[in-house]
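This is the structure I have questions about; it appears just below.
Letters A, B, C and D name the chains as they come in the text, with residue numbers starting at 1 for each one.
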Amino acid sequence: MMSQKLRVTVWGENVHEHENPLVAKIYPDGMHCTIADAIAEEGNCEVRTATLQDPEHGLSATVLENTDVLVWWGHAAHGKVEDAIVERVQKRVWEGMGLIVLHSGHFSKIFRKLMGTTCDLKWRVSENERETLWVTRPGHPIVKGMDDHFVIPQEEMYGEYFDIPEPMETVLISSFAGGEVFRSGVTFTRGAGRIFYFRPGHEMYPTYHDRNVLKIIENGVRWAAPTWPAKGVSFGNRKMGWV
Amino acid sequence: MMSQKLRVTVWGENVHEHENPLVAKIYPDGMHCTIADAIAEEGNCEVRTATLQDPEHGLSATVLENTDVLVWWGHAAHGKVEDAIVERVQKRVWEGMGLIVLHSGHFSKIFRKLMGTTCDLKWRVSENERETLWVTRPGHPIVKGMDDHFVIPQEEMYGEYFDIPEPMETVLISSFAGGEVFRSGVTFTRGAGRIFYFRPGHEMYPTYHDRNVLKIIENGVRWAAPTWPAKGVSFGNRKMGWV
Amino acid sequence: MMSQKLRVTVWGENVHEHENPLVAKIYPDGMHCTIADAIAEEGNCEVRTATLQDPEHGLSATVLENTDVLVWWGHAAHGKVEDAIVERVQKRVWEGMGLIVLHSGHFSKIFRKLMGTTCDLKWRVSENERETLWVTRPGHPIVKGMDDHFVIPQEEMYGEYFDIPEPMETVLISSFAGGEVFRSGVTFTRGAGRIFYFRPGHEMYPTYHDRNVLKIIENGVRWAAPTWPAKGVSFGNRKMGWV
Amino acid sequence: MMSQKLRVTVWGENVHEHENPLVAKIYPDGMHCTIADAIAEEGNCEVRTATLQDPEHGLSATVLENTDVLVWWGHAAHGKVEDAIVERVQKRVWEGMGLIVLHSGHFSKIFRKLMGTTCDLKWRVSENERETLWVTRPGHPIVKGMDDHFVIPQEEMYGEYFDIPEPMETVLISSFAGGEVFRSGVTFTRGAGRIFYFRPGHEMYPTYHDRNVLKIIENGVRWAAPTWPAKGVSFGNRKMGWV
């Protein structure tokens, strides 16, 4: 039987938080916990966290079977995520699990495998780097309740070309103080699964304490939630006359 | 304040039902009422009907303002729908109202205006015209609960080329006894509004009594429902420094 | 028999050039002639011009039948373009004629009819409004030979939300001095016709003397060119067994 | 300096031709040679072939650097294609090389890596399995010169759900004698590269002697050809003020 509540797992690489005191100060329990708490506050969600350091990176078959939407933040240790776990996550996306990829997760194994591209981009960490995010799909569930734009006072710059396949929907586009632009909110589907990439979240800034950023993550989780049971996926040989 | 229930208006041309005894026998209260009853049975919807013969075709400004999703069936009298009403519906779609266009509604003024194409196709009414509909987006909310295909024993044939813009998603593709194929379930967005075209529904057959067909219409209504309030749509001149 | 050369018609509204001395100074023969000359210089094109003031706006049935790609600039007099001519152009796009819509042509009757949306946006004319255009589809024929970005020192600002359907491809995104962003190069198809909207070109600035801007228009013309004869578009009734 | 001629490499797995006398009879020199000859006949192409059995599968760095479009047929030995070579091909697609994937190539490592999905489907080899292919993008370069449909008298059935991402364009849809449908001609981009999957080509039937099938492969090669030099793809750190 299926839970009525949406079952969300927030995965955090959890490396910067232990190596950089500045990051630890902004996120004493890790970014994953800050994000998980915000999603949980919205209600009607069961939220758990998982990290790189957990056995099987916290993503056992049982955990994934009981996850409707997975949120992913990684940066310094993409290469340490085991291939077998990545393939397990990919298979689960194909079955219908939603996937929210945050910020430097653009270079994660799972995102690159699902996109089929390098997912590379331009970047800069600089003082006074203001990011302005513009809504390019008003009415989309992911920007529910948002104004036509919002500002993050301090963020890392990501600039085009962002090497992803043409998105299904481009929901947000950012400009930066240096004149660069970036497709900051983009959606895809792979198999029965919905994927939302959302740009903001450099570890050195308190981005995941920003009300607008959290609102979009929460909206994204709801948008990516599957319509279980996802029937109809069956392959292989068929005899003439079976229809 | 917004209604918690989804507010659905089912629009029927309501011409064949009065001119053709065979149609009247299959749909004694009109196709629109059969469809409306099925949607209402699913619960959590307030469903009303509107017809060509009503003042303002039943689509006054007030009705539209209080409609979350509009379902449209027309065939014999597309030309009798007043342009001012069509523009009113189009404007409401832009604001976020969902639109479900059924069968010969492909040639309605509203669908053609939203698509920007002729929306023309091939067709045939013939005995023993079996339609088989195949799911091409398993896991999509519109095919929730459906098997990988289903059969309508008797239907009108529609064949490609169907002159529509490339859909956002192709959810269902049909084959017919004569060997033709047709993109039978396709989605689009225009402004904040979601549009779902669904092929089946020739007036001479009991298609809108078919459990699978009704299930997809109900799913489509839920998929097309807006995320009110759709903020962020504001245009025009902006002074430097307003951001 | 078909011409080997690409047959291009550049349509100019030709109003500002006669009312504003500043515009007349930048474009003594009208913007349409400046653009047409640049396309012609590239070779292998037969280029003609047409204006609002010509009989049938210069877009007779014969002219359109002998046009492979139509380039459109309009602003002050969209409402004076006759509906019958607009429908003639639309029909020709459906048959395969390419269409390049420039700058304030976003509000032209023909573009709005093809899009099915309002095509509205934010805008500002301001001193020191620098536009930076970023390539978001490297390798696309429309940006052949371009670097990853280029700057127009002085331009009108256009800002999101730009109310168009989700493009087939987003080829260029602009940032402006005020922090706004805009999808400045976007592609669509309608029927057999390819459509390219390209943003730059405020009449008060020498934008159509800019080497990068002209290069993209020329590339766009080549990309939008049809693969005549566009066979296969045939609709209507078919008897069982015709396949 | 770039060759004026289009440089095409046709890759054949070349296994069935040596193990099954029936296949060898239909394609005495292998399917890859039959396809290569047809492309070469069209003129303005330099065509070479490569097979699984060649050193580096015939796809050395030099060969790929001098290939504009790669055509791929594989079936029995997908697993024997070395990962390093697959990654080399993928990288070259990202740079702009076109890729035409034929028939059972849907399960090749390269296609699955580029799609990010299982690329699974339903199938049947059965007598009297007629395939009818319908054009769903008239005017598209890939169907240049084709009628609105064509028939292959005997083919293997492939049926939906075909587990691919939503295509950029769906150019052809097939129906089969058993009532199944399949998206038989679909396009994608990854990086600067264009990808065309084309369904027909079971090794037991003379499909690659069929005039219509060959015409579409030739059209596809021209459509997928890159617009070298693909400039503008450059990633990594940028200093403030570089724009």
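In this text, contacts are C-beta pairs under 8 Å (C-beta built on N, C-alpha and C of every residue); 3 or more make two chains touch, one makes a residue touch a chain.
Keep in mind it's a predicted model, so treat the numbers as computed, not measured.
S.K.: Among all the other chains, which ones are in touch with both subunit C and subunit D?
M.R.: Touching subunit C as well as subunit D, we find A, B.
S.K.: Same or different: do the copies subunit A and subunit C touch each other through matching residue numbers, with over half of them shared?
M.R.: Mostly the same residues form this interface, as more than half of the numbers used are common to both chains.
S.K.: Just give me the whole-number Å value for how far the CA centre of subunit A lies from that of subunit B.
M.R.: Here subunit A and subunit B have centroids separated by 33 Å.
S.K.: Counting only Cα atoms for the centres, state how far subunit B is from subunit D in Å.
M.R.: The answer is 37 Å.
S.K.: Specify, in ascending order, the residues of subunit C that touch 2 or more different other chains.
M.R.: Residues 132, 135, 137-138, 148-149, 159, 161, 166, 168-169, 179-180, 189, 191, 232-234, 243.
S.K.: Contact residues on subunit B for subunit D in the complex?
M.R.: Touch list, subunit B to subunit D: 130, 132, 134-138, 148, 159-162, 166, 168-170, 173-176, 179-181, 183.
S.K.: Can you tell me which positions in subunit B touch subunit C when the two form their complex?
M.R.: For this pair, the touching residues of subunit B are 90, 94, 113-118, 120-124, 126, 129, 157, 159, 161, 163, 165-166, 168, 177-180, 188-191, 232-243.
S.K.: Would you mind writing out the residues of subunit C in touch with subunit D in their complex?
M.R.: By the definition above, subunit C touches subunit D via 95-96, 132, 135, 137-141, 143-149, 151, 168-169, 189, 191-193, 226-227, 229-234, 243.
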